Amino acid sequence: EPALIFDLGGKFDKSFNEAAFRGAERWAEETGGTFRDIELQSEAQREQALRRFAESGSNPIVMTGFAFGDALGQVASDYPDTDFVIIDMVVDAPNVRSVVFNEHEGSYLVGMMAAKASQSGTVGFIGGMDIPLIRKFACGYAQGVKAVNPDATVISNMTGSTPAAWNDPVKGSELTKAQISQGADVVYAAAGGTGVGVLQTAADEDILSIGVDSNQNHLHPGKVLTSMMKRVDNAVFQAMSDGPGMEKGFNVMGLANGGVGYAMDEFNADLVSADMQAAVDAAASQIAAGDLAVHDYTSDDSCPALSF
Amino acid sequence: MEVMPKWAEVTLVPLISLLLAAILSALVILAIGEDPVAAVKLMVTGALGSTYGWGYTLYYATNFLFTGLAVSVAFHAGLFNIGGEGQAMLGGLGVALACLLIPWPHWTLALLGATLAAALFGAAWAAIPAFLQAKRGSHIVITTIMFNFIGAAVLNYVLVNLMRPAGSMDPATARFPEAVHLPTLHDILAPLGISFSKAAPANVTFLIALIACVLVWFLLWRTWLGYEIRSYGKSEPAAKYGGISPTAITMIAMLISGALAGMMAINNVMGEAERLVLNAVEGAGFIGIAVALMGRSHPFGVFLAAILFGFLYQGGAELALWTNIPRELIVVIQALVILFTGALDNMVRMPLERLFLMMRRGNS
Amino acid sequence: MNASDISGRQATAAPAASAAIELKGISKAFGPVQANKDISIRVMPGTIHGIIGENGAGKSTLMSILYGFYKADRGEIFIGGKKTEIPDSQAAIAAGIGMVFQHFKLVENFTVLENIILGAEDGRLLRPSLAKARKTLLELEHEYGLNVDPDAVIEDLGVGMQQRVEILKALYRQADILILDEPTGVLTPAEADQLFRILDRLRAEGKTIILITHKLREIMEATDTVSVMRRGEMTATVKTAETSPAELAELMVGRKVLLRVDKTPATPGKVVLDIKGLRVVDEKGVERLKGIDLQVRAGEILGIAGVAGNGQSELLEVLGGYATGTGVIQVNGQPLDLNGKLADGRARRARSIAHVPEDRQREGLIMDFSAWENTAFGYHRDPGYQSGLLLNNAAIRADTEAKMGRFDVRPPNPALAAKNFSGGNQQKIVLAREIERNPDLLLVGQPTRGVDIGAIEFIHQQIVALRDKGKAILLVSVELEEILALSDRVAVMFDGHIMGERLSSETDEKELGLLMAGVGA
Amino acid sequence: MDFLTLIQLLDSTVRLATPLLLACLAGLFSERAGIFDIGLEGKMLAAAFFSAAIAALTGSVWIGLAAGIAASMAFSLLHGLASITFRGNQLISGVAINFLAAGLTVLIAQDWFSQGGRTPSLMGGARFEPITLPFADALASTPILGPIYAELISGHSILVYVAFAMVPLTWWILFRTRFGLRLRAVGENPAAVDTAGVSVVGLRYAAVMICGVLCGIAGAYLSTALQAGFVKDMSAGRGFIALAALIFAKWRPWYALYATLLFGLFGALETRPDIIQAVLGIKVQGALLGALPYVMTVIILAGFVGKAIPPRAGGQPYVKER
């Protein structure tokens, strides 16, 4: 029986934990299998949950979030017969599959779309907590924007410095309004529950927004330009389907293998012109082919297109 | 001239209150379609049924002991220190700096150094609110709340920009060197022939917390400084009459309080995570308030309350592991325990007192 | 007023059938404490009925039951012959009862007017109520000579004024029955006289008054009948005219009591306390002491008389080290620090100055601390009580036990919290602590406020004994009687000045009363 | 910083200040009556959930508002039970209420909607829409006053106006009515109220209930006016900030307005690092920017406000018989 461990944000964080949960559910639905899961409440429970599941025979054990890296590094070697899958982090152990996403690539694409959709030449980014991962999103986005319009302005705000920053839609709204008053007409939210407020306010104020992680286009039809898809659900689904004895190692989920991308559906069909889509698709295949390099903030803690 | 014998006050009242909280919790569990009996069993065996469970229970309890003692000491001086959260965060920074910057030859020395650093940083974070209270009359409740937020921002800044190993995604410091790893209860008890779970994070800090308990008790009830702290807390006019300096006591009590809160970091940062992460304190500062209030600000009461909350945390984790009970339910259970044992205790005490009075009258 | 006046009138008491108040079999327990045991009492309309009894005898409890503040466990209340349920003060007020509590029930930061209308407002809006009350108040003031500024804030008023507000509160509610619980404990003689004149008028109007007091003189002068309470029981009810102070005192305490202070003439020695040009400005920037010069010699008691609020408290506070001032104070020829680092209570104690503060519950004691912890208070860093950082609890306990024995503190239990002792015994704890230090200078504020006569006798003896050991004593009291009985010299304070000094053997209440009012000198 | 930016900043200030103001006034009623309340946060959260949930189910924001208020009042009742009837510790009761609300809202939300502890997005009549005041459009082009009226004063949800109207109303109730006099008295000296023949318990329950109503409005404002639905923990510490504002305001209604506006302004400034950069001339790093409101609060508190004296009987249960 596989197990899934969510990071502190919880199963329903409107972000990657939730995506992971959907992936596991899809697996359960399609295979009729069952899985265990746990929402952590404290840092100390990371190692605890790993060990408890491993000892009780769960296999594979999937966990979401870079914060597990340290704990898994400690635990993995104690349970050589258990397969672990960690998302968003690399842990070098023979029984671990590490899945990382090139969020900067996906963000680059939606950045391009934002720049193309923007009338004002100013676009916004609203992050949740100020951590490197979110800067990676912001940095990729800004590069995409600049690629289309080098003169464009990218306004970037983080919601806060405590975990409350992931669940403060009111502040998300206010940040959106502040960005609008500075001229932004497209905003990209990578802020968990806070993003709910961003998308809502963008819709209310009649500007475009960009969702994150899963396809959020349907939340405000005709108002959400697109969503930067980070297919954590696929990664989890894949891991559970592969089951024990899966292939281990380092899994990069990028544009090339559909790990990240942008969402197109009936809700945003009218917003995305053929020309826009063509340009973005071209960039996507360039990136996939390795002809276009998008800088990853976390590789050297710097961003060519944006300062924090 | 108490109505109830002391044993009844300290055992019957909390036990019946706990029972009420348990019954209500059971109803909530029932309401969301789970089996309350199984849940309670799971919690008890999970938290207290093995050395593994105890190892986690005691680990959490250690955190709460420090923050609970911190709140208690300030409380005895009539000061409501809500800043345990921020002080513990900064204490973590102190521990991290001590462990990473100084090449300690042995964990014992590292523990000493880290404890000192944690206490110093925690005390420093309490010093400004204390000073503003003493000299400017700025309400300590607001300033300590503000310093919690400021502390979170500082820690975030330091971890994201200064102390994070280059290229790491995780806003956390590097792991501490092997030499400063603290022995767990497993390591400590093994030479005594007691086998204690290896996996559990409870470590030598628990003993330090116990020592802190005793020291706080000793400070408050055996030294003139503690006597002055308690006097000032009970009556400021009397303290002035008695030649006790309000400024000095406010500062001293808050510094001790901050130091205790900061010292929590040797448990969670040095003992468990062995590195400093952003979210290291995770609310223990606030639980400390409940622990101190429930423990009536007495170190022994704080000890019991801390164990109770350790039990709730670990029992809750077990529930989360083996059932589909969402973690919010555990929060609800904690709330009910706090409510019944801490705020609605008179609901139990009043009828009990009447009962004892009747019995006494009947006897005489 | 004049005693014969009153006793002449008492015969008019109405026949038994229509008692204004009748209590039957009232019992009340506070947890294990039986405060009232099966108490019955009848009070005739148009009379003043006195109640006396030692501290803790249950007087206040009984009256609080009548006023609906506490609920009796058993017993019945008849008002005007009719059985009346009084579950709360609302019902008591409706039955025409008003009460002035021993500890005033005023909202400190409200104005007089607001306090008076509280609970007796007309309508939902405040303004009309206040306007109406202002008018009524003016009439009442006029009628009874109870002058107070309706817009003054309570905390700015002296206790005498606060009491007037309490009386006005009752009158405003048109009380026919007025209960006064130790009303004169905080009044000057002039204020007390005025109070009794008012009570007289009220009686003349047919109102019924119950007066609780520890002062036998007041009982004798003002009441028609008097009840004595002891340990929760009503031990006797007698016609005032048919009893004597000595008999009452004996009924109350259960033994013979000395009603005079026994003291020999003083033999003053060298100057211990020398104050020159002392000025004090309080937190609000008001100058409370405006240049005081005083001397107290070894072996004498200097009494400071004055209406409360004329700077006596500040004088004690500066001397005690917890208020700052300017000027020069020398003790045993050495100056005291009035502003700097050594202006604190500990430094004062080190200079052999002991201080029995005016307000024992606020300053003198920590009510939640046990008796033994209180016995060390202020001296807790003295070598006998402490070594290094440690308190020597065992030594303090032993010391406390000895002191409690010598000062006859009841119950003699060092572990009991201060709040569980009666007022008189609380005061004994403070006195024992300060006097037994054998200080060169003892500051005493209101040593017997709210203390029953048995304890007063003892406290006075202790103060005189210290004087006879050759120590200097500065006594502040609003009780002129006490000042005259204890002091060798008297200084009168008025508005931050010393209005004059007299030898107590060469002055009387009348002269001092005038000085206290700011007249003369 | 140009004029329009200033207006926008102030506009944001008003929005951010509104929930703080309502919660602050709520706390004011409770604490003026002598009942300390650190459960403002929890009540606000509960109200945010129930108003959004019921609005989502019924399609009417007004029914939602009523439900939010009812939920908040239910928690008030619990607080009253603990701290008035059973004379328990008011701080513990408040802490418990905060935990209880945080847990229950998500549990119930998940049970009702299965949307991960959220309510569905509110649409149409299930949400409070901004109100355009009369002539706002016509006057908008008038210099200075036009934008102030059209942008700053007009265009908020009805609850904002309710909140601001509550300030004079609260002042009037406290200082001009019999109820207010008694309420203030019971927070200063309950024995005075008791012996004046007024029920201490009744008054305190009334105050606690009013606190519930105002917290209810504050919560409803968060989820049905500022937002279009409930997200877990969405009160995000605003109850604690309101409490700080209450102390800051020395328990006075008009000062409460100023204090919450100040906190609102700090919050608004935090969303505009560009303005801060323009004013200070340096770029403030993100995390430190987040600390700015709190640092400013401490500085102002230490520098200008001085000692705040709480209602004298605050926090202590009224006990007649030991």
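Things to note:
Chains here go by letter, A, B, C and D, matching the order in which they are written, and residues are numbered from 1 within each.
By our rule, contacts are C-beta pairs under 8 Å (C-beta built on N, C-alpha and C of every residue); 3 or more make two chains touch, one makes a residue touch a chain.
Protein names from UniProt, one per chain: B = Sugar ABC transporter, permease protein; C = Ribose import ATP-binding protein RbsA; D = Riboflavin import permease protein RfuD.
Only a predicted model underlies this, so the values are computations on that prediction, with no experimental measurement involved.
Relative to the C-alpha centre of chain D, the farthest chain centre belongs to C. Here the spacing of chain B and chain C, counted between their Cα centres, is 46 Å. Centres computed as Cα averages put chain A at a distance of 34 Å from chain D. One simple way to say how far apart two chains are is to compare their mean CA positions; for chain A and chain B this gives 35 Å. The residues of chain D that reach two or more other chains are 110, 117, 285, 287, 290-291, listed in rising order. With touch defined as above, residues shared between interfaces to two or more other chains in chain B number as follows: 149, 152-153, 156-157, 160, 326, 330. Multi-chain contact residues of chain A (touching two or more other chains) are listed as 10-11, 130, 161. Of all possible chain pairs, the ones that touch are A-B, A-D, B-C, B-D, C-D.
Taken in their complex, chain A has these residues touching chain D: 10-14, 18, 130, 155, 157-158, 160-161, 164, 167-171, 173-175, 177-178, 181-182, 193, 196-197, 200, 204, 219, 307-308. By the touch criterion stated above, chain C contacts chain B in their complex at residues 31-33, 320-322, 344-349, 355, 357, 359, 362-369, 373, 376-378, 380-381, 385-386, 389-391, 393, 420. Residues 1-3, 222-225, 227-228, 230-231, 234-235, 237-238, 240-245, 353, 357, 360 of chain B are the ones touching chain C in the complex.
Residues 30-31, 67, 69-70, 88-94, 99, 101, 105-110, 114-115, 117-121, 123-127, 129, 169 of chain C are the ones touching chain D in the complex.
Those residues of chain B whose C-beta lies close enough to touch chain A in the complex are 56, 59-60, 149, 152-153, 155-157, 160, 164, 166-172, 175, 199, 201, 268, 272-273, 275, 277-280, 282, 313, 316-317, 320-322, 326-327, 330.
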